[in-house]
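Letters A, B, C, D, E and F name the chains as they come in the text, with residue numbers starting at 1 for each one.
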Amino acid sequence: MEMLRDDGRRAEGLRPVSFERGVSRYAEGSALVSWGHTRVLCAASVEDKVPPFLRGSGSGWVTAEYSMLPRATHQRSPREISKGRPNARSSEIQRLIGRSLRAAVELPKLGERTITIDCDVLQADGGTRTASISAGFIALFDALRWLRKNEKLPSIPLKNQIAAVSVGKVAGEVMLDLCYEEDSAAEVDANLVMTGGGEFIELQGTGEGGSFSYAELAQIVEFGWSGIAEIQKMQRDALELDEAERELFKKCE
Amino acid sequence: MEMLRDDGRRAEGLRPVSFERGVSRYAEGSALVSWGHTRVLCAASVEDKVPPFLRGSGSGWVTAEYSMLPRATHQRSPREISKGRPNARSSEIQRLIGRSLRAAVELPKLGERTITIDCDVLQADGGTRTASISAGFIALFDALRWLRKNEKLPSIPLKNQIAAVSVGKVAGEVMLDLCYEEDSAAEVDANLVMTGGGEFIELQGTGEGGSFSYAELAQIVEFGWSGIAEIQKMQRDALELDEAERELFKKCE
Amino acid sequence: MEMLRDDGRRAEGLRPVSFERGVSRYAEGSALVSWGHTRVLCAASVEDKVPPFLRGSGSGWVTAEYSMLPRATHQRSPREISKGRPNARSSEIQRLIGRSLRAAVELPKLGERTITIDCDVLQADGGTRTASISAGFIALFDALRWLRKNEKLPSIPLKNQIAAVSVGKVAGEVMLDLCYEEDSAAEVDANLVMTGGGEFIELQGTGEGGSFSYAELAQIVEFGWSGIAEIQKMQRDALELDEAERELFKKCE
Amino acid sequence: MEMLRDDGRRAEGLRPVSFERGVSRYAEGSALVSWGHTRVLCAASVEDKVPPFLRGSGSGWVTAEYSMLPRATHQRSPREISKGRPNARSSEIQRLIGRSLRAAVELPKLGERTITIDCDVLQADGGTRTASISAGFIALFDALRWLRKNEKLPSIPLKNQIAAVSVGKVAGEVMLDLCYEEDSAAEVDANLVMTGGGEFIELQGTGEGGSFSYAELAQIVEFGWSGIAEIQKMQRDALELDEAERELFKKCE
Amino acid sequence: MEMLRDDGRRAEGLRPVSFERGVSRYAEGSALVSWGHTRVLCAASVEDKVPPFLRGSGSGWVTAEYSMLPRATHQRSPREISKGRPNARSSEIQRLIGRSLRAAVELPKLGERTITIDCDVLQADGGTRTASISAGFIALFDALRWLRKNEKLPSIPLKNQIAAVSVGKVAGEVMLDLCYEEDSAAEVDANLVMTGGGEFIELQGTGEGGSFSYAELAQIVEFGWSGIAEIQKMQRDALELDEAERELFKKCE
Amino acid sequence: MEMLRDDGRRAEGLRPVSFERGVSRYAEGSALVSWGHTRVLCAASVEDKVPPFLRGSGSGWVTAEYSMLPRATHQRSPREISKGRPNARSSEIQRLIGRSLRAAVELPKLGERTITIDCDVLQADGGTRTASISAGFIALFDALRWLRKNEKLPSIPLKNQIAAVSVGKVAGEVMLDLCYEEDSAAEVDANLVMTGGGEFIELQGTGEGGSFSYAELAQIVEFGWSGIAEIQKMQRDALELDEAERELFKKCE
């Protein structure tokens, strides 16, 4: 008989997830995600500038920044600025979010613009990077809509629907969507970022004090894709797609 | 006939203000304030350590940190860490918040503990520092309650109820509680921090391209105290004081 | 009978103050102030550049920097650079000095130039920020003279004569111009910056472990304005104004 | 007929790899790896201290630092220190190397010691992180031998033999061990870190402008494991294992 | 016939030099030197701590810090802290001053104390590092006197009288004590630090766009020693040595 | 009878020195020097840009950077970036190397280009700065050859052949080319940089806990020039000069 997890979930179950759009009065797109007790505020900002290597190329850029409020966690952590240097974990995560969300957009059709997705973790209970990617996609899509609505772009340059989940191995068993306690005890921690068509954009599996076999990798991928498909459905619902946008999403798969 | 302000307020009117307590699952005290469109998340963290100059003194410390999310504002601002140095305006504000909230607590009765109030501005439409102080007081009081409830302190070492408002002079007229547009156009910008008894903890008036007379100062103080008294009533309501606490607050006046 | 202070001053008395102009061979204006044992060297530098937000506006800028020599104080303090980050107190003070001295100049008539007032505290015995503002005004005025004399400006774009003093409440009594020992013991510490016409540019009152009433504020203002008027007289004497300049100062009141 | 790569390799072929041990006169273990034109100098340093979270635990730590000489690359890159902040890519890589090499050691048997593996890239032609891990393992093992030989440890606390390779998808084809030119053109870039027993310690696959299917993942893993097994053979040869050590390696599989 | 320099000096002539002692109210020793138009304020601070490598050794330390006020020079230079990093020239100079003044003291007899000599350049017209060393010696000696007078040391642990001058080669001619204009045009720039007995503590000669022969080195040394002997006489006069101290200085030669 | 040194050398003997050219696949010039156990990798990079003060002048620039690998030394030293600030010793050394190598080139004939010599110490056993200068000259000359060969310059703008050695006084005896143990025990430490014609570019002598007389200076210079002449011969051999280049070197003397 299957063991249930502390919160009563089955191994392949997601925690309750909800997206609230338009939470920032000023940002071109924004979403607040509640994913179990994890809460991340994602704001998409459009700016008419690109990094040096793209100047004059006509192409745009998508990037992300990630940070945790000091008391997002059980114990207060000092702010990065009070240590005077970027937190290496945060840098690594924001690079992952940036790469993942860049895969959502046809950059050459974006024009010489940068969309920055700020992901600020208000409360952290595991899975903050995958929550950031999944909610960041919503903020990003609303920013693309804003660009079209304000006639800065003729159409929405969507390339892929992007969502992400974490999967782990805890006490020898593969489980979807670890909360903080599970994550702390996990032997293996994996993050999957996938397109609407079920292709990988990123797959990162780490043995934290353990290792994993090819068979376990297969199960991680199976659980991950099932969770991601569920999240992608919620993203589309939250976005209240019109007919044309629904077509656009289908074409991307 | 009196001119109304853009949002229909009279000169001495506050914007709609509400406090939500307990918004952080992990902090010992927390409050989210909505003050017009300004939104600040305040979290109070209790730690068993004090700055070097208090070690061995038996006395405690209260301090604050203040930061704005990059897209709290109309235009995105870079994070402090990406500039590699603290923002001077933020440093100045967090010193003000810290001084103000220290005045709320009998530090020698706190024991060798530090309570840090993190004030993170989710959305900024003027008055973020006074909103931080006013909501920070609520988070701080809940942290003091937590200390008593967990039997780390025999009683709540409250010294003063603390609240704050901004007052400005716009187009020659003194006005309470400026929003961002009013603040941008103000000749004079003042911030008042006062106790439940109507004494000043801080009074900062700045002529931004203008100056102010003693008569105008008197009106600034009058408007300020009227606004602060209103906020203090809301603080007490939000805190759902029991009988003993109500007494405690009265004694502080 | 009135209590005298440690150095024999009455409550509303200033310490001996003197200004020495032209102490820097290279700066466009400079002044060394001795204010009791406090000594600050102020140098005004004219540069043909403005901050980004003024480029192309035709308008100029006035800014200030403030720093203490490591052994200006009783105990040696490490240099800011050896801690790798700006001192928050210094940042706050230099922002105050900058705002105060900007109020002295018609910036749109300055042309696209920046005047930087460097205030370096050689010895600190209380009141360094108000001494910096008062001596900084002299250095600034001499730099404006230099601009006119070198035919870079048709006239001196003076807007206000600016001076500053500190006032505090010590052992329940309001006193003008605190020295370090008095400042350390003060319950309330206030800094006033005023124009020749007796209007406020800045008023900052802080309850350091205490609070102050409206009646005390009135007395703080009274003592402050009396001290500032005295300092402004000394500034005019030190500047050795000619007839036209004397007129200019009068018009500013 | 199979297409050969620019240097004549087949898709699943490694570049010429060689390890030189003992290149540092002072380090407790060291190895210089030549991997195609990539050259990394790895030095293992033993220090009698551990990070704060391990103090008093009796357990040890393994960590890594990674840096490139400024002219390791086609174009000179500024040093991290001249930019004043750590390079985010370097931070991410050194965290990967550290996690990977920690998996090689029974940390509780190491005693309260830290072994730091410094990986300095003298010349970079793709695959520097996997070369660092593979050569870092050799330096680390020699440092463990040094500890036993100097009677600081009763036996060598080896947990896993660790090696790593990169695999990529270039022009739609999966290829082992990309050189710089191939890497620049790759749609997918993966790094695999595996044990002697063929289990994963780390698997990182990134779609750089592309994505990858589950079938492609399978091929990436197949090529990767074949390359890693070859490298592990070279590591054992380079280490000149005695009989007991050979046993130890076998037990780890 | 000998060519005179711009200010009428002969090649081997010093500029007018004067030392003012006791200029800092708080420092244990201090001296302000005027050397031509160069002005440096040196303050010696005694602290009861030593760098880690001396803890428990019973021996003391002497160190120096050097900085220029922003407008000490013809053009304003940004403060080190506003660039966020130490100025390399300043670091180099303060290391030189520190080494030079350490040679003045019997460190093992100083006890576990550090004497820090802060050298802040108020005005710079060439020769600031040699002026700092020469005036720093006076501040240092007064700090040693303070230690004896306060019965922290049984006697003054003087090892050497230390003074310094610059010598340069300008337009092919060797000259003592270059001012800024001469220094800017110099082909060779040398700094000599010598004891009362005429031995070298430091000799630094640099070809700035030129080179120098052994014969020129001999002349540099001859001019340098003659200047240093003159400065050492002024140091002794400024210090107002009593009989015992005069003996002490003689013994050091 | 003459005492031999630990490694059997006479007082005026060099350690075994060898230069390997072309060790970097990408740099325009490079050399690896082995000097006793000291090993430095020097890479010369040509870039089409100059520092601000040379823009538009038509003249070029030569500069150097110096760093040690963390485990180049007996004990591991933290990287500069992990301390967040440049190492003062490294800054000083790289300024010396830069000045020395600038003396090798007719900068006005270089065109608006910068040649940066990166000197990375792989292993440190004393004399790393003089080894860097001596090997840096070889890398620099090869970069100049590259510029001529690629028709960016009509001829090689050599001004001086530059080499350097250290000389010290150990236990009262002057010795050429100190190794780390000798250097640690030295009373005097000197570094000499000289041209092919035997003129000084730099001469730095430091009494480390001792002092030196004029007679000792003369011996330091004698030993130094003899060592430098030997190194210059090795540089010319390593460079495999053709007939025209041999002439060029002679003309520089």
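The criterion applied here is as follows: a residue touches a chain if its C-beta (ideal position, glycine included) is under 8 Å from a C-beta of that chain, and two chains touch if they have at least 3 such contacts.
Predicted model, so just to flag it, every value in this text is computed and none were measured.
Of the chain pairs B-C, C-E or A-B, the one whose interface repeats that of A-D, sharing more than half of its contact pairs by residue number, is B-C. We define each chain's centre as the mean of its Cα atoms; on that basis chain D and chain F are separated by 34 Å. Look at where the CA atoms of chain B average out and do the same for chain E: the two points lie 52 Å apart.
For chain E, the set of residues that touch two or more other chains comprises 84-86.
Order of chains round the ring, from chain B towards chain C, by the touch criterion defined above: B, C, E, F, D, A. Those residues of chain B lying in contact with chain C across their complex are 85-86, 88-89, 91-92, 95, 99, 103, 160, 195, 198-209, 211-214, 217, 221. Residues 24-27, 30, 37, 41, 43, 45, 47, 65, 67, 69-74, 76, 79-82, 84-86, 116, 118, 120, 122-123, 125 of chain C touch chain E in their complex.
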